[in-house]
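Structures follow.
Look for subunit A in each of the two complexes below; its partner is subunit B in the first and subunit C in the second.
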Partner chain A sequence: MASPDITSIEVLRSQLAKAIQLEHATIPPYLTALYSIRPGANTDATQILRVIVVEEMLHLTISANLLNAIGGKPDLTVKGFVPSYPATLPDGETDFTVGVGPLSPETLKAFLKIERPAMAPAGKSRHVVRKSDDHSTHLCTLPEDATLRYYSIGEFYAAIRDAIVYLDQQAKAKGETIFTGDPKRQVTSEYYYSGGGKLWPIVDPASAAKAIDLVIQQGEGKTQAIFGDSGEIAHYYRFLQLDKNRYYQQGDSPENPTGPALTTDWSAVWPIATNLKLAALPAGSELYDAAVAFNSAYRQFLALLTRAYNGEPQVLLDAVPRMFEFRNLIQQLICNPLPGGNGNAAPTYEI
Partner chain B sequence: MSEAAEFDVVIVGAGVAGALAAGQFAKSGLKVLVLEAGPDTTRDLASYNAHLETFYTASSKGAETPWPPAEGAPQPDGADLFKQEGYFVQRGPHLYGSTYTRTFGGSTLHWLGVSLRMLPEDFELRARHGVGRDWPIGYAALAPWYDRAEHAIGVSADVEEQRYHGLTFTAGYDYPMRRIPPSYSDRVLGAAVNSLEVDLGEERVAVRVRSYPAARNSIPRGDYQPIGALDIGSDGQERSTYIGERCEGNTACTPICPVQAKYNANKTFARADRRHLTLRSQAVASQILFDGVTGAVSGISYKRYDDPRSTSFNEEVATGRVYILAAHAVENAKLLLASGPQSGEGQVGRGLMDHPALYAWGLAPFNVGAFRGPQSSSGIEDFRAGGFRARHAAFRFDIGNDGWRAATGAPDATVIDAVTNQKLFGRQLRTQLADQLSRQVRMSLAVEQLPDPDNRVTIDPAYRDKFGNPRPVIDYRIADYTFEGMAAARKVAARIFRQAGIKDCSRSTAELRFPTAIYDGEEVHYHGMGHFAGTHAMGSDRSNSVVDEFQRSWDHPNLFLLGSGSFATMGTSNPTLTLAALALRTADHIIAKLHDGG
Partner chain C sequence: MTSSPRLENFVAFSAQITAFNKVEIWGTGLADVYLDTIDGLVGAAVTDALLDAFAPIATLRSDAARTDRLRLEVFGSERLGPVARAIVKLWYIGVWYPLPSTWQEQFGPTARNDAFVPTPAAFVEGLLWPAIGSHPPGAKAPGYGSWRLPPNIPSF
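Take a look at the complex of A and B:
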């Protein structure tokens, strides 16, 4: 393992905390796009988005399990955990932003970039100097030097995986291990369900590598494979189906899906404002109150998740009804026009 | 048996019994054909959700609302009860109030999911209480298949809570998933009445509110993986949905679980080995063909249609080594009767049973959180057994989580009453509704019925459906044994309400939506539970039954009749789990015979 970026357990913990933040950061954009679809319309897009949101929640939980496995403490309530949208993500040499807005061909493009399989080309550095001329939340930065970020999400995870192997080997040489976390803090399938696959306790390098591979395969894949080992379609290709108006099936090439046809009616979507902020809503208006109510419910949800990831996995059972609340609270916002004719309201995720 | 048979096993009916048997056959490498009368519109998510939309948009919401039948595969409907039309020809004197679903997946599409085992004494009603008849097998013989059935369909319960009335379980056994959490109203009612003792004749019975085993997904035990919503594409591939891996408490188990957290037979087909399984929908079995010499079945003639809205069809014949009717208690009997030579000394179709049921409803003294959770999650099982069964029927209660929905049509009916009768509006109306609806409590009092040879399914050339197949003609009478059970159940319900401080509203609303009978000078409004049983009962010899303990026809050696039609008596348990256990047992028996070269 030549010159790993992550040279201590403390740095590994802080990078895994960033992984938790990264996995969560995709949820508000996806969830908002999902709920922006008008009731009953676009059943294919609805199902594709829903499956991806659910798998992101699995990845979030896996990241928390990883951090717990090496003695860290996930905290989804720290200031700045939820990005100020639009957030900045790496796309090879350039950055791109992902925002909170309606499902549209443009948001689909951003979603495809999030999920695009990309590793640094051979001979190229996996580090890229990020632009420093804005104040948005930058994800996938290097440890300690936030002016550098990884070439891609895939590289970000590859660095974590390398570090786990490297640091555990170092520890083993001293008769120790980095897997010092209490196994009782692992969230397993008993309490986590309908969520993109099974969860297993992470207790050693092998179970940790398996977890990272699942995140990479389902999501920000590093290979060109459409289907993962378990027959699941990677997120990039799930989204690409919406662009190509056709489902993939086994044996297809990336360019040419041959499964059943599907269509998306881009007009059957609520015209919600993109990256709306509370400040744009008249204080004291019903919309303002609804936006505050949503943020408050979301904050409580993140607090419940934090408890669930800190030794109380059964709290996930209480977190589920909160998600039903989101749907109702989001609908109060997205069905109603903003004053001044700038589209409909939207959740602001200012937590 | 014919050398040229196309399949090893031909099964009529893609419901729970047919699915479980088909799954076992396919697993053992036998080639299986399943014929389903209804369309295949329940196995891909978009089509299933179209059924959901049909339900949402219907103004009247009955058990069959989401599942409209094809022209060639009509089905009974609750809305037909008071019109002299519909699929059943009802000759009375009492109306048979139950329905079933003729669509891929069968009545498990609309069932509630209650998965109780029959009690040991239910199998020996004649021996123990001098009424009804005895089964040729007992609880102990069936118990291993109950274990398997509970895992096959996915039942949620805690075994510790289910040991009562002599129910025993294999050492170390537990259900595949933990019990569905009791609702708030279950807990409130339990706290109020669990110390209550009720006198029933000479017996004193202690009441206990108890979770019942439910085929709805909950927290799994061990490696068990709950199966949620299916999405099988036109290409035959199953796509992940991440829906329904746990019950969400949508309060719509019957007539359609919006997330498929409740078992339906399609889940069994989805897990079956497709290499050996041929599923043929829109294929209405119309006649069993017999070998004139041996009486063996030589084929099943069926009418295949392309368009569910059309009355045109083509006739085809399916051949196998073994034939299974798993089409429903009524459809099995009807098909056998329509096919000529009768089995079992003219007993086919006789002994039709149900669990005629009453509702008891009232207002709790405070908010009990009605209209939340699955339609029900607990019951009262203490009156399912006892010496009183020599005199009157046993009964059990479901405790609803859905307010007075089933009994009065709440919440709509509550709104209508407040607006039109009480002339409320505005804030007053909202306050009143919030207050009343949240306090609504409802129990279903399901009462045992004994087999009576005069309660029967017959056919009559005068009554045919649009494909020319016979419509079932139903003769049905509720006997005093059951009416007396109803009276006892009503008294117990009133006592429970009193104990819990619940204001009994059961009699203050005239219920015109339900069949009416007169007993002891009083009107009884009862409803069917959908628990058809007894039309091809099993017995120890051909003189008293249609099938043997393996559900094999006494007269046709390669014909098996699956389902609750085989029940000799039905006790008080919902029939699905028992018919599932019997189906698995029969499948094992057939597999052993076929692999034996038989």
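Take a look at the complex of A and C:
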């Protein structure tokens, strides 16, 4: 199938770099919401968020494998890779923003939108025109024209999937392939454990399609089914359980989960500020220094990931203890009151 | 946690006597729980006296001067010293140790006279773990294989 958006391997690489950025962009909001839960409280929400954020880390690595497969070089250290929150995402005809804040009914709404990308209605363009009149980071933009965005995250990935097939067919006609990446650059399961699923080397259109399908299935669900092929419940429905106060089980309809009941105590959450920036903290204070130290630890972590995705997959094993270190740093920030009684601090993710 | 000047003083005092900084003390999430615990044990009047004694010391710029006066006026005080020492142990180990019987004979009995853990989080947030560059066994897992890395011991 022809893909009018992505007509060259260079453009496909730049779109996959955006996919890596998109997958990562969900992690700070999810992690912060997870760690905003008070110790011992909300065990259901904690477990749901934890599973989802770990799978987002898997998706991040899968996107890097895809880019490597076609001869690209993932770089998580480029300026602007980490969005300035709130970041803007498309949701059909309207945009929505996703920010860094406490777990709340409002953040849950944004998370549900992230995980349920609507597909453009049949016969309608998969693009929408937006005026970029603000300074927030827009994700899911079209190649080379930031005023055009995909209708949804689902359409963004569908365009990539189509382009891989289309460009590889074109290459094959000339006796070539787009899968020119060094297989040694693929991050596979020996370097990645307990991380929400298996990793396999991406070397051809079939293994690439399988990778994209996994990302879409774990997120929105296979053709919007609650459970995927492996019996795993999709992120959208995992989150929806928090809204419906009940777990799904096999055979349920989306409207009516019939599993065990669960409750979320929205007040058992640290009252952290939403989208906090360093500028809001008194310069030179211990709290300011701690927020800077976190950003610096996070920047180093992204640099380690970049090495792991560029031919040194064993570095991923060293990155794991770093991840746990910044869990501790985030929890520390979240317990600190802001001066002036404006709630509690949070990581600013100004990388 | 709702902050109050009294709680802020307690955090500043706790930072001074543990050698951790205020962000780390707040970062345990236990400052208010511990202050309530101490108030309940020795009475708010004793805690207030402790914090009042510390207030002028907190304003001194020199570390050495702060330490000297803390020794003399707080740790050297018959009434405040044993309480301050119990607070150090509470922060580090997460256990409240009963005050000496001589203290209780002189200043009145405490509400409880046994060693106890005020909250399950006290074990997890004990300062002894970061002090030795480790983590509480069974909590704050540091990740598979991290035990081959040297401990990251903070400088005091």
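Methods note: the second predicted complex is superposed on the first by the 345 of 351 C-alpha atoms of A that agree within 3 Å, B and C clash if a C-alpha of one lies under 4 Å from a C-alpha of the other, contacts with A are read in each partner's own complex, and residues count from 1 in each chain.
The criterion applied here is as follows: contacts are C-beta pairs under 8 Å (C-beta built on N, C-alpha and C of every residue); 3 or more make two chains touch, one makes a residue touch a chain.
Everything numeric here is computed off the predicted structure, so don't read it as measured data.
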Partner chain in contact with A:S104 - subunit B first, subunit C second, else both or neither: neither
Which superposed partner A:N344 touches (first subunit B, second subunit C, both, neither): second
First (subunit B), second (subunit C), both or neither touched by A:C335: second
Partner chain in contact with A:S207 - subunit B first, subunit C second, else both or neither: neither
Touching partner for A:E286 - first (subunit B), second (subunit C), both, neither: second
Which of subunit B and subunit C A:Y247 touches, first, second, both or neither: first
Contacts of A:R50 with subunit B and subunit C, given as first, second, both or neither: first
Subunit B versus subunit C as contact partner of A:P39, first or second or both or neither: second
Where subunit A meets both subunit C and subunit B, residue numbers: 40, 193-194, 320, 324
Residue ranges of subunit C touching subunit A (in the complex, touch as defined): 1-3, 21-24, 26-29, 120-121, 124, 140-146, 149
Contact set on subunit B toward subunit A in their complex: 45-46, 49, 53, 219-220, 225-226, 228, 231, 233-235, 237, 240-246, 248
Residues on subunit A engaged by subunit B in the complex (per definition of touch): 40, 43, 47, 50-51, 54-55, 189-191, 193-196, 198, 232, 247, 249-250, 259-260, 320, 324
Touching residues (chain side subunit A, partner subunit C) in the complex: 38-40, 193-194, 270, 286-287, 289-290, 317, 320-321, 323-325, 327-328, 331-333, 335-337, 341, 344
